[in-house]
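Presented below is the structure to which this report refers.
Labels run A, B and C following the written order; every chain starts at residue 1.
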Amino acid sequence: MEKSSHTGKSRYRTEKIIRITFFCISLASIATLALITIFLFMEGLPIFKEVSVKDFVFGQYWYPTDEPPDFGIFPLIIGSLSVTGVSSLISIPLGVLTALYLAESASASVRQWVKPVVELMAALPSVVIGFFGMVIIAPFLQEVFDVPTGLNLFNASLMLAFMSIPTICSISEDAIFSVPTELKEASLALGATKWETISRVILPASLSGITTAIILGMSRAIGETMVVLMVAGGAAIVPTSLFDPVRPMPASIAAEMAEAPFRGDHYHALFATAVVLFLFTLLFNLAADHISHKYKQVGASTL
Amino acid sequence: MEKSLKIAIKELNFFYRDFKALTDISLDVYAHEVTALIGPSGCGKSTMLRCLNRMNDLIPYSRVEGRILLNEQNICDPDVDVVSLRRRIGMVFQKPNPFPKSIFENVAYGMRVNGIKDKAYIAQQVETSIKAAALWDEVKDRIHESALGLSGGQQQRLCIARAMAVKPDVLLMDEPCSALDPIATQKIEELIHQLKKTYTIIIVTHNMQQAARVSDITAFFYLGKLIETDVTDTIFTRPKLKQTEDYITGRFG
Amino acid sequence: MYKNLNRTQKRRKLSQFIMFGFFRVSAAINGIALLIIFYFLVARGWRAITWTFLTQPPMDSMTRGGILPCIIGTVCLSLGAIIAALPIGVASAIYLNEYAFQGRALRIIRLGINNLAGVPSVVFGLFGLAFFVVYLKMGVSILAGALTLGVLTLPVIIGATEEALRAVPETYREASLGLGATKWQTIYRVVLPTALPGILTGGILGLSRAAGETAPIMFTAAVFFTPSLPSSIFDEIMALPYHIYVLATAGTEIEATRHLQYGTALVLIVLVLGLNLMAIIYRARLQKRQ
């Protein structure tokens, strides 16, 4: 005791200061989120002096550089939703089935190789995938399906699916993996096959986690920029076929921002588009968060 | 030999949320004696032990009522400096938990965090503690190698050395042998015999032979209550209560 | 009754066989897709990669020459992003994992991090433009781009650090506290050294994420062409991802520079995946050791 150099009180004060400092730093993320919201609204709201919210969101025509300009982002919203929808038709089954493969049926040595593959898929820069879709997939589609352009909704969905599979797969796998072993063993011990155990015990128990994974995967798809900028074709129309070119919101923002006059109507309209996009992803993320918290309990009680 | 009171637990209650984990515990612990806490799993004996160095502070939504007097000072008081309290009350955990550092650094750790900078003193104290833990001969040639290379029993004795290096008054042992083989267990038990000359020891154990072998006083816990406490010989030969007898003779548990 | 058992048994086994087949096929499709992408990029890109390509600036309005300024730009931007994000990310993770009690404040902070992770990259770009470039008057610069990328990598780093901290056995903390160490001493001397490899892995992952992003730097840092290498953090800069985008979509010589596009894409991939592979292998080693 005589060798201790700190007194209790000064120690407490130091500890308290450290704790408070860390707390303040940990607020950085939420503060940034708030700043993003504030600045998007600040730069986006002025457009509503020119057009009403209703005309902006439901307007059929996006001709921002015409005289007079049209600021209707309905085709852009439909563009975003359609690529997200079509891509999830591909990514959900592939992502979830791969997760099941990794968690339940692959041997340890196979798993050791497949898992990094999924991680590498997630790590591929979006501009590279966009580039690949442009120079390899587009000509291929054009030829095989005999369509006027290979840069279209289908191509973009394909590339987006590739980008959201890793998200869906890894989060689903976590959920599947966290189902207690006792449950699995109980089912197997009763004579169920592995697949019966998966379909009757494991899937119901991990359903909320898989749902979260799917929502986050879709959120990734709707917000992805470079892929849709490079391969979606860029036509601001409501698509009528799978091979129509579309112009999702992120593509429109990224393509036009550089040319929009600073703080002109076009500039504000692009920020307002970003607000809509931001709200979409916020909605997806809040839904995912809600589901994963509400049904956090994995186990017997969720069956 | 005259007994001197070291710790007096007075009407202690411990809550975890709404669950009352300990009810009305009163127990006296005397200096230079080994007090064993026994009872079936979940009876609150580990919780009791962890109240003594306020380790339970780490559990969210927990609450303590009542008093624990250490040398007549109430350690449950929120004003008590838990950090220096824990220096005075050493603890040895169920599983050996050396840090991923060298053997030397493990033992020196407590002194370093307590602000001791005198290198010669630290080196000498490390040696003394490891010797006191009956580990010196086994590790003296590799004192700067990783502690994770030791066997389980050696690791646990290292943890005891680490606890002793900060010169505590009291040593708490939470099932210190549960992860060890019989030979390592025997070594630790011999060590406990040696250590009680210097320290007051409170040991939680689920092994009744061990309690009978190492302790002077035995306290039997059941469902969060202290059922009976007495001199160890008496408890194991002539328990006053039926419940205690049933447990000791293995009729439930 | 037991007569049918054999047949049922067969049917059950068959359905399992079919379902597991589906699993396997899905996993294989992912692997094949990745291989196809690698194949085309490598087969068409490796010819472009010469010493000149890696060490010279572009020439003749980008139809010849190399990508040195882009490589330097990407390194500057992603390092800058990590320098900004690592301390904040690690400190946030320490608070969340070591100090915070379960409760509303923690829930809100986590919600903030999760939502920040879900913000589309183009929105980060607009935010960087409005906040760093315009409001804080940094202009289109390395600094503005690095900070924008830093914000984007923050959730990655927090996630990885938290995972590393969670992997530190609780008994280490208890042992340290039990010896009379304060909370901060415990974190600083025991928890952080143990978690350090995991935290570094997170840093590498953040670095690779920042290096590959395009949309956030489009309006904050990257330009089509700079005549000289940057001399300060307030200079505009060229970057690999943006270079690919520009060459592939906006030039007058799109077909003529195709081999340069492949080459640049290959360099970017090698950089990003190399960093990732490093992190994956490093982490696998760590897990084996534990």
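We take it that contacts are C-beta pairs under 8 Å (C-beta built on N, C-alpha and C of every residue); 3 or more make two chains touch, one makes a residue touch a chain.
Given the structure is predicted, the values throughout are model-derived calculations rather than measurements.
In this structure, the chain pairs A-C and A-B differ in their number of contacting C-beta pairs, and the larger number is found at A-C. Taking each chain's centre as the mean of its C-alpha atoms, the one that lies farthest from the centre of chain C is B. As a whole-number value, the distance joining the C-alpha centres of chain B and chain C reads 47 Å. Rounded to a whole number, the gap between the C-alpha centres of chain A and chain C is 15 angstrom. Averaging C-alpha coordinates per chain places the centre of chain A 51 Å away from that of chain B.
For chain B, residues that reach two or more other chains under the stated contact definition are 83-84, 87-88, 114. Among all residues of chain C, those that touch two or more other chains are 182.
Residue positions 11 of chain A each touch two or more of the other chains.
Of all the residues in chain B, the ones that touch chain A in their complex are 81, 83-84, 87-88, 111, 114-116, 118, 121, 167. Within the complex, the chain A residues that touch chain B are 1, 3-6, 8-9, 11-12.
The touching residues of chain C, counted against chain B in their complex, run 101-102, 169, 171-172, 174-182, 185-186, 189-190, 193-194.
For chain B in complex with chain C, the touching residues are 53, 55, 58, 60, 83-88, 90-91, 93, 95, 97-100, 109-110, 112-114, 159, 162-163, 166.
Those residues of chain A that touch chain C in the complex are listed here as 11, 14-15, 18-19, 21-23, 25-30, 32-33, 35-36, 39-40, 42-43, 93-94, 97-98, 100-102, 104-106, 114, 116-121, 123-132, 134-136, 162, 165, 169, 193-196, 198-199, 216, 219-220, 222-226, 229-230, 250, 253-254, 257-258, 270-271, 274, 277-278, 281-282, 284-286, 288-289.
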